[in-house]
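Lettered A, B, C and D in written order, each chain numbered from 1.
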Amino acid sequence: MKKIAIVGASGYSGEELVRLLLSHPHAELTAVTSRQYAGQTVAQVFPKFGSHSRARALRFSEPKPELLAKQAEVVFLALPHGVAAEFAVPLLQMGCHIIDLSADFRLRSAAVYKDFYAHDHPAPDLLARAVYGLPELYRAEIAKSTLIAAPGCYPTSVLLPVLPLLKARLIKSTGIIANSLSGVSGAGRKVEADYLFVECNESARPYAVPKHRHLSEIEQELSIAAGVPVTIQFTPHLIPINRGIITTLYLAPEQHFTDARGLEQLAGQVAACYQSTYGNEPFVRLLEGKALPDTKNVAGTNAIEIAWRLDPRTGRLVVMSSLDNLVKGASGQAVQSLNILCGFPETDGLM
Amino acid sequence: MKKIAIVGASGYSGEELVRLLLSHPHAELTAVTSRQYAGQTVAQVFPKFGSHSRARALRFSEPKPELLAKQAEVVFLALPHGVAAEFAVPLLQMGCHIIDLSADFRLRSAAVYKDFYAHDHPAPDLLARAVYGLPELYRAEIAKSTLIAAPGCYPTSVLLPVLPLLKARLIKSTGIIANSLSGVSGAGRKVEADYLFVECNESARPYAVPKHRHLSEIEQELSIAAGVPVTIQFTPHLIPINRGIITTLYLAPEQHFTDARGLEQLAGQVAACYQSTYGNEPFVRLLEGKALPDTKNVAGTNAIEIAWRLDPRTGRLVVMSSLDNLVKGASGQAVQSLNILCGFPETDGLM
Amino acid sequence: MKKIAIVGASGYSGEELVRLLLSHPHAELTAVTSRQYAGQTVAQVFPKFGSHSRARALRFSEPKPELLAKQAEVVFLALPHGVAAEFAVPLLQMGCHIIDLSADFRLRSAAVYKDFYAHDHPAPDLLARAVYGLPELYRAEIAKSTLIAAPGCYPTSVLLPVLPLLKARLIKSTGIIANSLSGVSGAGRKVEADYLFVECNESARPYAVPKHRHLSEIEQELSIAAGVPVTIQFTPHLIPINRGIITTLYLAPEQHFTDARGLEQLAGQVAACYQSTYGNEPFVRLLEGKALPDTKNVAGTNAIEIAWRLDPRTGRLVVMSSLDNLVKGASGQAVQSLNILCGFPETDGLM
Amino acid sequence: MKKIAIVGASGYSGEELVRLLLSHPHAELTAVTSRQYAGQTVAQVFPKFGSHSRARALRFSEPKPELLAKQAEVVFLALPHGVAAEFAVPLLQMGCHIIDLSADFRLRSAAVYKDFYAHDHPAPDLLARAVYGLPELYRAEIAKSTLIAAPGCYPTSVLLPVLPLLKARLIKSTGIIANSLSGVSGAGRKVEADYLFVECNESARPYAVPKHRHLSEIEQELSIAAGVPVTIQFTPHLIPINRGIITTLYLAPEQHFTDARGLEQLAGQVAACYQSTYGNEPFVRLLEGKALPDTKNVAGTNAIEIAWRLDPRTGRLVVMSSLDNLVKGASGQAVQSLNILCGFPETDGLM
């Protein structure tokens, strides 16, 4: 059993980590921290975990790095950006492995971080050491890293569908558009009027147009894959579901097709590209036939669904994905990295 | 008081027409038809209208053109495509004015109709006579028409934001992308498993990719405005709200801007274009400052909200709109046409 | 046109008053106050009212009694209990008519107020002067009052169904149970974690068991009607809808029925009782046949639906009601009182 | 591994059985039947199970008892009442163990069955052989039964809270009232207009008042516990959530309490009664302190939450419970019985 701590376990990502790790066959949750709930048991704060004896026994504590380093070998940070780095620095020094769910270690450039997060990076020296924790892309690197930066929810929904196409030069690196819909848990457990039930129910709305923070990591990874700088258009929308993201991607095929035969040929290449990349991935579900992604088919799971259509009328490739923003988009993917890091079967605790 | 009939009043659009016309100061609802509910009062079928004495008195009847022509001067058709034309033909012959909410008279070309609706047009001779009932665009034509084709919900959400920009040559007519989210009432009162509560709640999903029927009327009107054939990309999504559409449009400015000054200049042109087109329109709400469209701000009303952002990173113009698919997207817009047709103040019964 | 002010117009009840009064044929909204939004227009704070020119012109102001007394003849108070009385006192002295939506003037006894609201009543001398603003019960008193206390949402849903039965001695005054379900707007626009979308969606829960504050006014009015002190059981539940209350009442018929004939006789008495009491009431909808109350049939309207069943198995009378907590349960009922007070037709602005 | 078949696996209960059994450590799903989906894989019909290789391999088949008896040792029946018995008879004869989720074998009396289900019982001889599959009550009987009738969702939410109190003579057996709220999946995957998204969203409504079918099994078990015939009042309501039931029970303590000391004494007895009955039950969660049941805390789990309050104002005991109608209220409880039947740890596949 691996000893695990979660720092900042009272937000939605932290709560989801608790859920996954309570049932994980090789994980022992030894510490969960929360300033707000210090002293209460996990079961008192989250009644839904009350059936787990561990949840009835384990109490939230104040977050103290020295103590955490003694309690756990791997520490998950489910903290706001800026704050996460403050904990990562001492914990790494004391020998812990860190899996960070914030944005603090996702970017390779401190300048880009400052551009998008509006403050200096709190620990720029660590950036080179961090691995972007997208297992399907960086499995080998994750296995030997001490600092894993779990990707954002939107970026995961964009990168997994787009990266293989870009690497295979099947699509142009210019003109990419990502249109995303997210459930309200994506905003975190923020007690703000915008996220009240009455304000979200029967409401759908775009937000953060045109420069959402997640663009920084999306463009970083797309640029690496393309070998040239990539700038994309990205529009997130808030919709009244608890969990789930639908991302619809508008892509321009590198090869222009002008007739049914050209379309068929390209379709074969796209299918082959996805199949060779993801055919054996346990959490990537390539939809077939008429099936299209639906958030209800991934809610609560670590799966991402991908479907695509070539449009003979416009010449465009439309790719659609769905995932659970709290699982494959956050905590599930982080546990997937834990499994890789520790040499556990990658699906342990995630099926 | 104008005598009004509604044929097919048991669907969501029909029900919404009933709601609006029961409170309309110049409309007298003289007949509502429904094969399913014939014999029952409006209040029995729709308990929510029970406070209106007219709803307690008026009974649904079988749809019989001869009778309807005697009962009403203006007949609204809230029927499936194909069926609507069957009623329009005799009713027009008997001198009624028709406001049709189906797709039967929206297209100018019977060939395009067949391409998108998969059957021959049932009354091609009438196509030239019909007016596309988008008041902000065809007000004068509506005023003197006998056959008004109320636009579809998605088309209204696309056309009102795009047409002025296209006419003013501020955007290119190529590469237009419309990404739409719709509430479930947009599917009509179809008793199919896909629209059950449990299948829609906590679900978001694209559908009809890449060739939704509404493309036909959208492209027809964009092409007229642009003076050249326009083909667009359009992706509808179903989200768990009762009413409302959010459309996010990705547009390429005709004038490429390369610096802040170019952006500011173009922004001024876009603002001026919208202001001159819609500044006095009672139902078009141009959002200012940081405001973005939200379905909850238009639900139950005949308003459409429009906001836009120029993205200096991509050079694109992102325009967003929201409307209630059953009001501005269907029955409210139809009543707006009724007001124009009859010379009533255009906002009567709609505020 | 009557000059009207709303103090505390930024909560849900205040917002609903704004909605109703913007469309009221005899009301001129001359002032709306909100500390939080002072300086902004109504349309800026509530974009959905943007189609009303008055909403674009009128600005929120700081709440100052001296100024309000000059601006308005009737002042609606949509404030928390305790605070409302602070405004009522000076405004009454300066000659305004007050319609208060808080609990401050609903109770006749300052001692009961203290028992349920946990602080001394701020203006006990005014209690004798106030009228409980339930139009169906106190129409005559409302017409000549200067201080009207609009009833709570739950109390309206309980009192309208129960009072006639109690007055007619058809049910016992003991053993009454009211089980209520409320939409989340009933909690007001409180920015608390309990009312976040993710915490309310897919959630149903009882709360405030067994002593909710609304018991005080319910029992007061039931006791007056029964002529003896009445104590009831009341359990509110929070359910994920924006608006609406369903109340299910368990009542014991005074006359025990032992056979079908007894049941039929009692059923006739109950029907006659409701018919004679509410047959001409514009906002009370007595359901017939198999119809049962549904919040969606009253949402946005000032109607209350009432249905009932005698249970031959248990001998009990089960009565069910539905209303919109923000309309008949708050602001609509308050406007109904305004109409009575000013001599306007009682349905003005409410149909 | 135990070989398991599910007959009627396309409804919500059947789908939930599939979910639970795909992950069960000792169950091998060897057959799933559905007339509608015969020939398709489980993953095609339910994309959300696509990550399980078994779901991609296993195909729905036509339901044929002879074949099923060869394929499986235990057969779950997730069929409508009336139909279930038709399959149970031959399958039992061929030596299968049956766990039936319908109402066909829950009642001991064929006459009561006919009274509530409006047709003759299709296999009355089997009634004496069946065990009512409420593990907390009939664990020993379940272990040696060949025909287990899994209880209904509402009955489970009523019986688990009430039975211990009744057996301990802490409450009267008369005057019991159960007020329940249910998510829409409780209606099954019925393609009827009443269960469309638009008809359920923003709607709350009572139904089946006053004689819901589940009364028959509730009263049967209460009567057995009380030793006298028990008749209760039961009112179900439909609310817009996918899963979950809240039941609020109004009970009369046997011992009337008149002061704080009497209340405290009774409270101690109630607490002790629940603790001794359920203290070691893995799926019964006795809430403490201020906690009250919430459907979101049990959704997707086999837990039932129970909380209670003594009301000094009315002398009543109010007990509240929450459970997931598809898990503890149906399929989860059925799997719990499977575990007991097969000698597996009772929580296997259910945590």
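Here, a contact is a pair of C-beta atoms (placed from the backbone, for glycine too) under 8 Å apart; a residue touches a chain by one contact, two chains touch by 3 or more.
Note that the coordinates shown come from a computational prediction; the quantities given were computed from them, not determined experimentally.
Least step count on the touch graph, chain A to chain D: 1. Taking A-B and A-C together, the chain pair joined by more C-beta contacts is A-B. Averaging C-alpha coordinates per chain places the centre of chain A 46 Å away from that of chain C. If each chain is reduced to the centroid of its CA atoms, chain A and chain B end up 38 Å from each other.
Shown for chain C are the residues in touch with two or more other chains, namely 199, 201-202, 240-242, 294, 296, 299.
Residues 12, 183-185, 189, 191-193, 195-202, 240-242 of chain A are the ones touching chain C in the complex.
Chain A contributes residues 23, 47-48, 50-52, 202, 282-283, 285, 287, 291, 294, 296-301, 303, 305, 351 to its touches with chain D in the complex. Residues 177, 179, 181, 183, 199, 201-207, 209-211, 231-233, 235, 237, 239-244, 246, 248, 250, 292-296, 299, 309, 311, 313-314, 316, 318, 320, 322 of chain D are the ones that touch chain C when the two sit in their complex.
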